[in-house]
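Quick one: this structure, given as structure tokens, is what I'll be asking you about.
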């Protein structure tokens, strides 16, 4: 469903250019969930944005559902892939009600039946009609993230991208959102690509995992291998060690 | 619906329709605005100005503003002429009242030109960046380089005297900061995640600019406009003072101050009263602008 | 513990006026702090940060705090004026925040800020202050103190900025350090390093440390004792290593809701909030 071939994103030019992502290649099968882990600056978010089509100057091939994506995507191509962002506070327009936030993608994609779709979408993410006409500042972080998920899924994409979707949420709310994502994935047969710095969250949702460091994909492994510690690359081991928490012997 | 029921409907935490949500938001904004004493004072002053301008013929006889009576020139305030008469025997009170129309017209027209032009230039410059930004900002810089009054004078002199030309001259010199403001706001917002979400949905740049970014720029632009009003009024008064704005016998406040200059020491009211009118109006707009900014800041805090 | 506690709190209450009466952000929180590491863990709205700020007298007006007992050593913190608190801050209690970007002055070099803090509390000369700042930078394991001294906050990485902030807060040798989510904005590997430095400094100087965080695992690994807060109250106290034996349903619920590497579950058990947990103890 997703295929990346030598995707490179460079900022700046010439001697001062930095490669935020360099020669990144991997595939994700339909219905599979693939996680990208790494520290800040590792390029994982850049790769995600490249798949989303948010980076104009990416080099390399990004193929979605068997179709190579051009530099400027068509409306139909845009419908294939949607994204849920990290910051529930920043991902919704402060002057738009939940209703408007959900109606907007329907209007842009020319999908009719707005009333039905919006109501169904809200139900699906566990929100009620009382939330429909609220503004973002009247919702909690978890509720905003649910709206963001509803907005992403209302156009029925085949691929869902997730950029640290629960990092800004409390533990208890995180569990609810993760469960929601698990359920929606099953119900809609979504292919997911998720970025996180939290190994436990990645291993919970994803079967296969890619580890990035300094813009390069250094290892491809599985969630089970992470759990058992059966990993090859040094950086992966470092990440596993840090994930285990503080050890005064370190 | 009774007053209490209206309030409950507006403050309902779970609105049931778009209209209810939008009105509720306006109402909450109004409540926090009206809690601010100074802001309300400003609002009332501006409201008074608007009402006086609109109801001018009902307040006083339109002829009185231009009817000369040399026998009664330079009279101090009395029962017949509340603010006295000027050097041509015209009733100053009536001239102030009708002058409010002129002031309001100038201010409204300048605003109506400056805001769209500023947004129209600043938004694309901020959103697209690159060459478009460079060209548009250089154009803005050119206009910004001239002192406002001097440039307004030049335009007014070139276009000829008259209120409409004065409006154009003032507008041409006032728009650059709004373009800059719109550009700055756009640059701040263009990478926001909700904008990215719109891109992902397939929205065109025009749609994003109009539906998402304009509503976010508008508050600061409008607040800036109200704070600029004082300056605009004074510039108009300055042009009037120099004979380049409203032409006699139109009762423009600045022109009134100019002609009252000669008799300032003995018949102080002829120049001072229009001066006070200008002052009060400027203060009113300033307080209103400050109040709006406080509401906007509190909301974004 | 044979030594007298550094900090004693009994029934601390912090209230903020709201549209429908006062809202208590912190309700009847009591604990003592000795030369140990105390962790306060909770979710947003639990009151953990407000507790830390109240101890430093940093409750933003119109909030107010009251307590039956609130002592830092011999000093009674209740009813202390702003000036009184200012004398304490830095010198006897210090606070490290989450994002050094907001605590460090962007137009002053890092080293100079640390030196200024030293001078403000110790009345030292410029050279002595610079010396002290360099020593402190070395103490937080910055390898090239002379070079980092001259850098501006935007030129240092997150981890280094946080270490600089720790240096700045500890240079006046306070008795207690309150760290409010000090590593939440940092990468995992950097997090470990910064915590190790905190550990070393706190132990070495015999200080008391209050670590406030939402990260249960971090707190249980790093601290000696843990307080779990919910809706402004302390719902559980335990020794750090004993967290998995926690008794309160909220703590157990939180632990269960965390995804764990190695323990694959289809669905995570969601926390069921019991209104009884938020009820006032009295």
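We just call them A, B and C in the order they show up, numbering each chain from 1.
By definition in this document, a contact is a pair of C-beta atoms (placed from the backbone, for glycine too) under 8 Å apart; a residue touches a chain by one contact, two chains touch by 3 or more.
Computed from a predicted structure; not experimentally measured.
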Intersection of the contact lists for chain A and chain C: none
Distance-maximising chain from chain A - centres being C-alpha averages: B
For chain A paired with chain C, centre-to-centre distance based on mean C-alpha positions, whole Å: 32
Chain centre separation (chain A, chain B; CA means) in Å: 46
Residue ranges of chain C in contact with chain A within the complex: 43-44, 158, 187-189, 191-192, 195-196, 199, 214, 216-218, 220-222, 253-254, 257-271, 273
Chain A - residues contacting chain B, complex: 52-54, 73-75, 78-79, 81-83, 85-87, 90-95, 97, 99-100, 104-105, 108-109, 129-135, 138, 148, 151-152, 155
Chain A residues within the chain C interface of the complex: 39-40, 141, 170-176, 178-179, 182-183, 197, 199-201, 203-204, 223-224, 226-228, 238-243, 245-248, 250
Sites on chain B touched by chain A in the complex: 13-18, 20-21, 25, 192-194, 196-203, 207, 211-212, 215-216, 300
